[in-house]
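Next come two complexes built around chain A: one with chain B, the other with chain C.
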Partner chain A sequence: MSLLVVRDVFKSFGGNVALKGVSFSLGEGEILGIVGPNGSGKTTLLNVLSGTVRQDKGSVFFGGKRVDRLSPHVRARMGIGRTFQITRLFSNLTVLENVLVPLHYGGPGSDGKRAEEILGMVGLLHMKDVKAGSLSLAQRKRLELARALSLNPRLLLLDEVFAGLNPVSVREILDLLRRIHSETGVAMILVEHVLKALFQITRRVIVLSEGRVIYEGEPEGMANSEEVIKAYLGERYEAFRGKGP
Partner chain B sequence: MDTVLQLLVESLFLGTFYAFMSLGFSLTWGVLNIINLAYGSYIILGAYLAYTLHIYLGLDPVLSLPLSFTGGFLLGLFFQRFLMNRVMNLEPFMVLILTFGLDIFIANALNLIFRADIRSIDVPYAERSHLLGPLIITEVKALVFVLSLILTALVYLLLHRTWTGRAIRAVALDREGARTVGVSPEKIFLITSGIGTGIALASGNLYGVLQGFTPFDGGMLTVKAFLVSIVGGLGRVESAVAGGLFLGVLEVFTGFYLGEGWKFFASLIVMFLFLILRPRGLLGGKYYGET
Partner chain C sequence: MGRHDLVVLAGLLALSILPPFLTDYLERVITSALLLASLALAQNILLGYTGYPAFGSVAFFGVGGYVTAVLMKDLSLPFPLALLCGTLFSGLLALLIAPPVMRLKSHYFAITTLALQLALGELVANLEVTGGAQGINLPIYRGPGGYLIFYYLFWTLTLVAFLINAYVERSTFGYALKAIREDEVAAETLGVNTLLFKTASFTLMALITGCSGGIYAYWITYIDPTSMFDPVLSVKMFVALLMGGVGTVGGPVAGAFVLEVVSETLWGQFPRVHGLILGLLIVLIVLIIPKGIWRRR
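== the complex of A and B ==
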């Protein structure tokens, strides 16, 4: 049975239609990449899944239950953790406190020891008493991951987790995600612009363009899809190809 | 020299009480973004509750502190659930009007029940004082000081050492962010409102022991809580302590050197100066999580 089923989701903001009938499903423990040009609806889709934005039409099932009318905090307690494109940590709480708040909902064994285990996993244990606001960007991303992990999630929604990082940090976060996946078996959806990093961790991607799914499958197939090329490079590229040698 | 020392001790005693008294006001402002104009009337309500329990059951106001806090907590839950939730997402002006109306309502209800005469809670230790070197220590003031100190420390521990406290600070910083990690801001608002109102009523017990009161003293106490929050800054328990001590010093010294009539006037002047020159307050901080 699929862990997550998204069926025909529509969402518009005023006259601007962000999602036009998006459907896909995700298996338990699966890693899925969502890519697409700016404004294609990637973050809106993630917001619909986590509940910060409510869809106009369509449905979302998680673990066999319909969740699309539930508040974000209820979905979080059910095991949907997320991170943000621009990190949203509790800046004046310490690193440890940031993890302790969600850990409350993480099921049995939710205590200080578990918090330290999680911080150890993301490599922030030595900074546990530091205010979250004074961390570097790479550390903030790690802490957001730790915070989401404290919910003991079955699904992690990661919004541009590699954005703004230097190549060394990208590699480190990539290793961390792999370790998290192998140790916890959590399913992940990564919305991403850094395709090179993304393709190292997932075998399945969805390409969104103007609110529609225009490609679904292995990363390699993307380069051969006319629709994908058109979405990224525009109609003129099409014309150029037609005239080519 | 001895006079100055005596005044400093008085300032410390009074200021610590002001700090505790204002904590609830500052907490609901910082976390819920509600400026509660009925806050002073909550305090007076606490004083009348302690007065009634003292008259009819012979219960010492110190012993009825937990009762006042619990009563206030429940009242806070009720107000939040049935009144504040309806207006707090509208423009701030609506909150001001609602709480202003609540203030008038409470004051007049108390006036109907108790009449406007000045009441005081006559505890047996009301007049006792002791000589400590060059200092005269009034037992009541010292008692209120110690209790305020303990209760303020308890609020600090609640906010920093318990899960609820961390969740309150998290919600104050980022409501939606808190939601994505499982915290329900609505529930935290209820708890915060309960704690804030509980603090108000509990401080009413102490206020009633310190001095006489009438149903219409709430407005002045709201202004004092407001002043403590402005001068100290909204940020933290420490800010309320800084603001409270500042107000204590200001009132005691102007009262002694310029006369009682100048106390309130001087504090208003200072509040205006702070709003113009240093709106962040002494310790700064906009919300209960921010530095």
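== the complex of A and C ==
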């Protein structure tokens, strides 16, 4: 049975249709990449899945239960954890307190030892008493991961977790994600622009363009998809390519 | 609690043994400061820890005061019982209006609470049971202790509000409120039932504010819509909170006492321009120490 089933989801903001009938499913422990040009609806899709935005039409099933009418906090308690494109930490709370909140309200309970274990896993234990607002971008991303992990999640939604990081940090986060996956078996959906990193962790990608799924399959197949090329490079390029030698 | 907060707590405890050494005037000034401190501490739970500024929280001060007064006058209820009803009624009103009101954010929320304060003031001014614009006269307290009883009532309320703030500062309940203050969307996605905690915070604020209004009504023995729903009281309470330090346990108390003492001193020394000097002082304090005397740790 699939862990997550998304069926024919539509979402518009005023006249701008962000999602136009998106459907896909995800297995237990599977890692899925979602790519697409800016404004293609990737973040909206994550927002719909985590519940911070409600879809206009369609349904979302998680663990066999329909969740699309549930509040974000209920979904979090069911095991849907997420990070944000622009990190949303509790800046005036310490690193440890940032983890204690989801542990207590969304996870198994505010256990200081468990909080330290999680911080150790993401490499932030030595900074547990530092205010979250003073962390570097890479550390902020790690802390967001730690908070999401505190929920004991079955599914992690990661919104551009590699964005803005230098190559060393990208490699470190990549290693961290691999370790989290092998230790917890959590399923992951990564919305990502850094394709080189993404393709090192997933064998299945979905390409969104103007709110529609235009490609689903292995990363290698993307380069041969006319629709994907058109979405990234435009119709004129496609026409130019057609006329080439 | 931090070291600064313990100093404030020690000061508060010392106030309980001070009355035999006070003149009537000083007793009245400290009672007023304690009233202001209780309001600022109540607002601190909502603004300081939850991040929601209720400009019109004095609405609950009026409700608490009027319910206490009406029950004492019309039903001849004894003051303690009337005060309890006034306090609970304020809390109940907050609980009922919180679900729609707490969905609003920042200035929309602030202005809505201000509208509530003005609307309730108008309502009370036009109801027969509240005495309309004429107000209500209450019997003068002639029991043991005389007017000192109000000093101790406000002192107790301030101490309770202080301890609630200290609890919020360190408890998991407080973590939920602070998470909402820092980033409500993130808090929701991490399992915090934000509407529930915002409602709890709003109701706590209303209970303390309503109780303060009930004590005030009996203290001054005459209430009318203008004095019970007074926007100036809202402003004073916010100034005390800003001066003391928003989101600190001891700050609101320190701010209330500094403001009351400065205000009284200026009133005595410069009766004609005391408002102007006070205004300038407030501007200077906010410019120089924007996080308040009790800087957030």
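The rule we apply is simple: the second predicted complex is superposed on the first by the 239 of 245 C-alpha atoms of A that agree within 3 Å, B and C clash if a C-alpha of one lies under 4 Å from a C-alpha of the other, contacts with A are read in each partner's own complex, and residues count from 1 in each chain.
Keep this in mind: a contact is a pair of C-beta atoms (placed from the backbone, for glycine too) under 8 Å apart; a residue touches a chain by one contact, two chains touch by 3 or more.
Predicted model, so just to flag it, every value in this text is computed and none were measured.
Following the overlay on chain A, a clash is recorded for the pair chain B and chain C.
Contact with neither chain B nor chain C is seen for A:211 once the two complexes are overlaid on the shared chain.
Legend: residue contacts after superposition of the two complexes on their common chain; A:77 is shown touching both chain B and chain C.
Once chain A of one complex is fitted onto chain A of the other, the partner contacts of A:36 are absent, as it touches neither chain B nor chain C. In the superposed model, A:107 lies in contact with chain C only, and not with chain B. In the superposed model, A:147 lies in contact with both chain B and chain C. Overlap of the chain B and chain C interfaces on chain A: residues 50-52, 71-73, 76-77, 81-82, 84, 88-93, 97, 100-102, 104-105, 147-148, 150-151. Of all residues in chain B, those touching chain A in their complex are 163, 166-167, 169-170, 173-174, 176-185, 289-291.
Chain C makes touch with chain A in their complex at residues 172, 175-176, 178-179, 181-183, 185-194, 296. Those residues of chain A that touch chain C in the complex are listed here as 50-52, 71-73, 75-77, 81-82, 84, 88-93, 97, 100-102, 104-107, 110, 147-148, 150-151. Within the complex, the chain A residues that touch chain B are 50-52, 71-73, 76-77, 81-82, 84, 88-93, 97, 100-102, 104-105, 131, 133, 147-148, 150-151.
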